[in-house]
Amino acid sequence: MSTFLHFLVDGLRPSLRGGWLYWLWMLFLLALMGVTAWNYTDQWNQGLVITGMSDQVSWGFYIANFAFFVGIAAAAVLLIIPAYIFHRQDFRSVVLIGEGLAVAAVLVAMGFVLVDIGRPDRVWHAIPLLGRFNWPASILAWDIVVLNGYLLLNIAIPMYILFKHYQGKEPDIRHYFLFLVLAMFWAISIHTVTAFVFSSAVSRPFWHTALLAPRFIVSAFTAGPALMIIVLQLIRRFTVYPIRQSIITMLALILTISMQINLFLAGSEMFTDFYHETEHAASIHYLFLGLHGFSALTIWIWTALAFNIIAVILLMIHKTRTNMVTLNIACVLAFIGIWIEKGMALVVTGFIPTPLGEIFEYSPTLQELGVSAGIYALGAFVFTILTKGGIAIELDYKISA
Amino acid sequence: MSKNRKPVPSYREDTENTDLARRNFFKKMGLVAATGTVATIGAGKVISKQAWGGATFEDALGDFFQDHYVRMTDDEMVDALARIERKARRKFGVEIICEDTRPIPGTYFGYALNISKCRGYRDCVTACVKENNLGRDSQVQYIRVLELNEGDRNLEHSDHYYNPETVPTEGKWYLPVQCFQCDNPPCVTACPVEATWMDDDGIVVIDYNWCIGCRMCMAACPYWARHFNWTEPQIPAQELNPNTDYIGNRPRMKGVVEKCHFCSQRTRKGRQPACMEACPTGARVLGNLLDPSSDIRYILENKKIFRLKEELGTEPKFWYYTDEARARS
Amino acid sequence: MPLAALAGDDPFWLPSDKGRGLAPQVAADRFVTAPSGAPEPEFSRYDNRLPPRVPPREDQLIFYPCSQCHEFWKTNPEPRELAPVHNVGLQHGQGRLWCLVCHDQENSDKLQILRSGQVDFNESWRVCGQCHSARQKDWYYGAHGKRVYDWQGEPERYNCTHCHNPHRPPLIQRKPQPVPPVRAGLEPMQVYFSQQRLAVLEKKQAQPVENPAHE
């Protein structure tokens, strides 16, 4: 036990060592978290009225980010599959980083849910037996189960591997292989369940499509690798941890294919709704073309579409996919494009027009953005700490092995 | 430390500087902790004053640990009702009565609205706001009256904000919408904590002290019937309706969802809901679907009726009817 | 004549006429069943359904009993246009009706029905039902009209003339109650957008529709 405590302390200790840039980064993140605390106090006292949400658009920026970051979390599985199913040894070294990203992303997603609900002091009502847990009927109940399970899996598996490495031993693959397989399927399930939260609503024709869960998975597999490519390059830049270029190449390939499928699915949605517009196509009409003079989201969705198309072109051309500059551009464009398309454009459009045909638009307030800033920062903060500690232990193990 | 340990590499902490490092570590932590404590106390002050709404510590604790409506014992319910009354006294300076009205056995409510008669006055809306202690500031209204063009049933063409000099306007018809107390309610399935359910008399009720405010039910409702308290509801003390019940119109708090409950505080005692009582044209009819001699049964059996969005399978217990009779063979 | 000073075609002696379309609150214990004691005749039942209890009307009429003036005059049975002092501006039936169709010629305190004799003002609904029988059936069963106080039990319903002015039946036009508010802190939609956008919207509404699904 004392070894485990030593492991924890030694794992956290590297977070307190770093250059001035590192400390600037950490202080910046803490400052953002302070901004969140400040704005959240207002929200706690006054209620969600400080946001731009209304009865008409009752989910906004917070839930948009929630949906997006659950996707990022799910994409960590993309490192596990090549490493352990396709036996690519080069990926073994980055599996832990991917799972660290998953933990950070799940925490961000949970953070956004927590700031979104009206009575966070009552979350204990969702605990089975203590509260009343509407499982299996409520999809949100499923979401609570799968997200917490995923968090546990992604903490337990790396912790086991790292602890073994810390002790100088090689972990026995038979001990954790089943959990890895479970984590793979579980990753798909968290994002499918999140998609079902939306697609189960028969009241919202924009969401009530069988294509929503596939679109979620595919866009997660686009935005996730995009983020990972950039993060791995940063790790390569700021640490001595070796990141093989073959990893980046494969991730770029996954990104390309996923983006192609994502655009295909988006195109399929557009065709189905626009070929012969029914009343149910009102929301997508509003999104792309505006409705009755209201068109706040059109610029966003067309930008997102443009970003996605530019990204996929850059990715499909071999030269630009292998050139790191253009690849990074493509990653950034893809990330932003997916964030808009899956985050704001999906969530807000589902509410416009309302089931009674009213158009009431939404834009996040400054305070809403303030509350969100620190949650992003929390994710980055957790990821930095986990990576710092994990890499230290791994490097130590590699050298001593 | 494990005895397999190799010499410590340079990027790890060396043992000579461990103590110094440890001291520095604790210094840093101390500073952070001190700042943190001051911040927490300061924030705690700010939070505690507002979050408890000026409540006593005992009431706040009681509120926090309060069980779900269907699980509360009689004693717990008595305590909860007393807490609600005390809170209203503190907040509004008004003595209210809060009861726990149970459904009348053998009742199953249905509602019919005569669209030939509705003239768009919105008297129902105003009466509902007054009867159910709806927040004037948080601006929740359970009923929304839609103005549609003659012959058009497309809700997208409706006007919610009509305000002509006089109603009804030529060439328009009016459609009031509120919670339809569906028999197959999507909101009940959606709620992760079972804060909303269909009670024995068919009313879909909400336990306001259990709702966590996730608004999943609002996304799931096809009729836009559920509303959220984005802020603490403000009701002028002289307009507060003091006859309240737990599941119905007692003063609610911010952060919870609420909706039409067929005025359970009235209907479970045999009185008409406020909207039905206020409607000058008698367009609204609430009744017991299980009573074959009731008004509502006659309407459903003899009038041309329809429900909104039938294709969604929600089975609403709210029918619209016209003056025309159904063809009898 | 005291009534000479009271002119105009507003039937001011029916005070609820001012607020036609608004049923007054009536204490639940004052009801009239009709006719008291006597069994309800067959012709005024629908499938054996008896008429509902009704709040009285006579005390709502300012100048009731009418006989306090009318016993001094002989009734002229000739259908004609009446002088303003008594002319209520009859706009019921498009000229097919006149006063003595409903009002009793001999007893000005009563109304009359075709089949048999006199009817109290309290039971004026019996007069209406002679022509509006389908509506009256609906009223018996609760599909028309306004119920008093309770939703269950023995129905008590407001008389026809509580809402409908018998001399000028169409309900009055009225200003509606205020428009629904938007959430505290948010502006209504029209304000969110510039005048330019609003002008575009108005121009679009003036144009012929392109897509019927969304216009």
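Some observations on this one:
Should a chain be cited, it is by its letter among A, B and C, assigned in written order, with residues numbered from 1 in that chain.
In this section, contacts are C-beta pairs under 8 Å (C-beta built on N, C-alpha and C of every residue); 3 or more make two chains touch, one makes a residue touch a chain.
If you're wondering where the values come from, they're calculated on a predicted model, not measured in any experiment.
Of all chains displayed, B has the C-alpha centre closest to the centre of the whole protein C-alpha set. Looking at B-C alongside A-C, one finds more C-beta pairs in contact between the chains of B-C. In this assembly, the chain whose C-alpha centre lies farthest from chain C is A.
Spacing of chain A relative to chain B, judged by their CA centroids, is 31 angstrom. Averaging C-alpha coordinates per chain places the centre of chain B 37 Å away from that of chain C. Work out the mean CA point of chain A and of chain C, and you get 64 Å between them.
Touching of two or more other chains is recorded for residues 182-185, 214 of chain C.
Shown for chain A are the residues in touch with two or more other chains, namely 49, 54-55, 279, 282. Multi-chain contact residues of chain B, defined as those touching 2 or more other chains: 138, 144, 156, 160, 230-231. Those residues of chain B that touch chain A in the shared complex are 1-2, 4-6, 9, 11-13, 25, 28, 39, 43, 46-47, 50-51, 64, 68, 71, 138, 140, 144, 146, 154-158, 160, 177, 186, 189-195, 210-216, 218-224, 227-232, 254-257, 309, 312-314.
Listed in rising order, the residues of chain A touching chain C in the complex are 49-50, 52, 54-55, 277-279, 281-282, 285, 291-294, 359-361. Listed in rising order, the residues of chain C touching chain A in the complex are 182-186, 189, 192-193, 197-198, 200-201, 204, 211, 213-214. Interface of chain C with chain B (complex): residues 21-23, 134-135, 138, 141-147, 149-153, 155, 158, 163, 171, 173-185, 188, 214.
Note for the complex: chain A touches chain B at residues 3, 6, 13, 16-17, 37, 41, 44-49, 51, 53-56, 58-59, 113, 116-123, 125-126, 131-134, 137-141, 144, 166-169, 197-198, 200-204, 240, 279, 282, 350-351, 353-358, 392, 395-396, 399-400.
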